[in-house]
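By letter and in written order, the chains are A, B, C and D; residue numbering begins at 1 in each of them.
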């Protein structure tokens, strides 16, 4: 395919542009018998939605995702699940002025060179609006993982520009528009964002996602390790420029004796591994962290070229997030869910009969 | 598949354990007409080989990779290329004592739980010896990229534990056993490694790889972005725990106005993007950096469990690298080459006829 | 995936049940720049539609296929093309009585055993209504093949039960509801079908499809030969039980000296090969023929079991085709187009640079 | 890939030319814990081998298939299984005279046009020698199916040119070099083949393969139906020009009331379906039949063109089978085993938890 599908056995294929009539997805390979209706998709899709705070794009979309197939009498049938959501607030005229020039830091120039022309309305296929379908599909995976395996996934904003946020209370991340895991810091984030908005500029962020309760054994050596597929999944999200598993880049400074997570009958003594050893889940918490660049759609004028290659100036007005990282938490959670369910199905395809004589040890320390 | 294949159109499938009779690979989809013989694989494979310095595993392997098919009268025919290399220095007895216990930080426990039992000799399939086939396959991709597209790939060791190495002279990285890009620092690295070896411990590292001359247009939105596939590729290498494209995690602190690489007719003004915008190559240098954890095969005793889950102690003797990162540079270069050639073929499948009215602008600043 | 995608590079993924709210498809990998609007899909979809004659299912569907993405200013952009068609004439009550018993010759029993329960309304996912999306997707492939490569595809009904129809005038097959290639025989077919309908029974058929103008070189040895993918494509159509390429089963009685199609500068002397040698197109006409079984939804009572395995009787009323083969021609044409375009893209991915010193010889004799 | 892999989860990738140093395969996704050694491959490979009778190619190959990985202490480990077999009797000089001309009915011309040049020694990659790896891989699948699921696969020669052979005693097919299921007819086949050989000509054949004991539920609607994948598998074998499932082309003349296999608690009343309904196995015997064309490597002179397109004459000497169908039975059995195991793994990936309230009914009548 040309890259609009994700997953080998629990496979999500998506379509849709920012300013086309609709976006949609087909989820193929969902196990039958899972209770599912549209309200199951609603919570995660709502969390991702534009306009939930002052600090994300002012676009207003109802984002009512319809289920068009694959569910009968309230349960998945095993047939492909078709999803569609209409675009109702697409103001294309905002983009007319970007028609003949390329926003620096955007996909404008690369789409032009790859395809020979581009749908310039709101970024077309390269718009972050594409991620609504990831979140809807992820909600299905998440439900299966929770109900059948007891896997719990949660994420939070870990850094916003210069501000580092400790996971004081990760559960509270769902209660504020920043996905901030430390409620006391929310006013500080508010203030920072207002200042940024006044400057017409944007900033980067770090988002962390964690899965608890993942059984050992998920992941396929050599090339399709669980961590390799997670890196793929997260780096496929708009604006992500770096991905870490467990201790991530901090491992450069570790010695082997401090890095290794020892095994005891009571559990692992630490979780530098981020829950993955040799590309296979260990039963520890799976921890993934990612860096999102600042959006390049800013009001600070910049240099660029036009369609014929002549130097011109560009200013982005329209509706844009000053920090795309603010909306990334539910998207990253969805991608984590998709990878885990896909690997669960892959694992049981090959190894459904396996019985190990070795007891499963407890996860030990949460997070890393 | 179960994860032993890489690439959609230029596809590498590998087999082989550390202590089995041989390792091998099949490369499917190689364009016909490329001049190729075994000596073309030799250089890169030799660079990766154990035993080229005191500081990598003392295993001695000739690593003569044989080409068994797909080449006729010195040129690739378009048929699959079969490669095989014998294991000649496999001393399995070293591993008998690890048979009934799991090395912490290793794949021992996760393989056991996934497959119910494991080939404990030298790590079996999870051994870094598996990467010899990546390097051999990568050498073919690299040759095509160089001869047909003028793409040049090089890499170097960027950090070794606490030591940061500037790319003063990246070309010189090929002339020393550390892949150090600053020849003046080699004695310092020697001294550091001897101290580490005396302590029986290991340390992490950072490796950076760069591709120069990549045409714009490679990469498939949405899920198979060039950066997503690169993250997948690099995270699939043993011991890698983090991957960055371009500015990587530094983007968290960037503002949009400083991060974006402006476009001018003379080229991009910077390369924070690492050569990829919207998942598609921009023509800038592709830059990827990765963190490798310290090997857990160390002589410092550690706690673990045995096959029945009882607490025991483990010490690894055998032959091991105190820093697996030292050998990772040619492997990362190979994975970069595989991703680029695969995406070049994918791109021309869909877009061979495309002519953009916009001129290709020069890459501008190298690296980032 | 779980089987709802077709094609490697020009990939069609479909969803939808007979009596759900809608059916849809995502076409990924379509080359950019192809002129496309909804009217391009209309002709083929209309030809396939129920209710165009007395002799196909009496279901009335407008079958207005909407394009939801991937087209901008009248041209494909290279992004995935989302298609959707509403189900407007789904009368589920007809099927209530089939809820607890399995129609012999149908997918009822096998879906039940595979998924544990089934959407019994009109066959659910197993309904031939699924093929509307194949035809819509095939229309896009067909347009590309015609405009860029000059490939012409046509098909016809070759046998209806005991009646064999010669391709006296294949072009005329589009002008009658039977796709009969011999206009003089249409009244005979009419009479035969009325008799069959009165008996409440059904009958089998043979459909033949041909592609003219296919360039040599399409097809991937070993497993993905062009003929292997065509066999896959045709056998994936509801009710197909046999597939032939070229002379098909007649080759059993051929000697080598009569079978082989000799090559001359003026063209091949015959076309027993059906346009494919060694799994690769030869430039001769591609000819594929298939057998479709009689539908098992008939009014003749039959024995079966119920959900608990008890013996019961079943009679199918509802709306059904007495010969599903009557509608199969546009579906088989669509599948042929999908395979050819997919292989054209695969071929140019690997071999875009190839120049053979050997001239392409003309196709020679049409058909076989 | 470029077509040298088969299967989604139990995946076989092969390489090797007729006259290269070796052929090989990688089997990825084999469940762990299956007892396996080289002798398990020997029986099927021996049955396929050249030179077992006067009537197949006179090439003498020991065909000792070595297992290079994926097996430890006599059991599969879950890691990829590498296989290799040396070519020891490759007499390339026989082929020098075919270097500059294309054998009609062969892949010579199409390889030339696809790749720009070709390995002319013994057909290179297009040689039937490629199938030795299919048989070796199939033997592994077959062992798993037999030991874990009780599936038994057998095949036989059903037609040889004008001679039709009834399956009087299918088990006896393994005891004669023709795979003839009617021992009394063997002398007649001998006589026919000697006459053919004297004429320097060749003839076509039909081969039938059957799987008994396949559980219901295997096969993935819509595009990856079990029958579609079987058609793909069989049509990918050299020389196959037609594939039938169950009653095959005879269904054209069937009425619905005679075709459908009724269900009773005691089993199906017939097996026109060939064990597949709606693309999913029903528990009836899976029956597949195929037509193989006469080899075009004959001693009767024929017209062709040379590399520059000029008309020339060609005569094939070398070592060739006057009926390639004679060796096809073990190959078709192998492909059947590969498809069934792949679908078994795919099925349990999605549906491992499914429990149907409906009892599985017995297969009923064997064959069709």
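To be clear about the criterion, contacts are C-beta pairs under 8 Å (C-beta built on N, C-alpha and C of every residue); 3 or more make two chains touch, one makes a residue touch a chain.
Everything numeric in this text was worked out from a predicted model, so none of it was measured.
Number of steps on the shortest path from chain A to chain D, with steps defined by chain touch: 1.
Counting hops only between chains that touch, chain A reaches chain C in a minimum of 1. When the interfaces C-D and B-D are ranked by C-beta pairs in contact, the top one is C-D.
Taking each chain's centre as the average of its CA atoms, chain C and chain D sit 26 Å apart.
A separation of 45 Å divides the Cα centre of chain B from that of chain C. Look at where the CA atoms of chain B average out and do the same for chain D: the two points lie 38 Å apart. Across the assembly, chain A contributes residues 1-5, 8-9, 14, 29, 32-33, 78-79, 114-117, 125, 221, 346, 350-351, 354 that each touch 2 or more other chains. By the touch criterion stated above, chain B contacts chain C in their complex at residues 8-9, 29-33, 78-79, 148, 221, 345-346, 348-354.
Those residues of chain A that touch chain C in the shared complex are 1-5, 8-9, 11, 13-17, 20-24, 26, 28-29, 32-33, 66, 68-70, 72, 75, 77-82, 84, 114-119, 121, 124-125. Residues of chain B that touch chain A in their complex: 1-6, 14, 102, 104-117, 125-126, 130, 159, 161-162, 196, 199, 201-206, 216-217, 219-225, 227-236, 238, 240-257, 259-265, 269, 272-274, 276-283, 291-298, 300, 302-305, 307-311, 322, 346-347, 350-351, 354-361.
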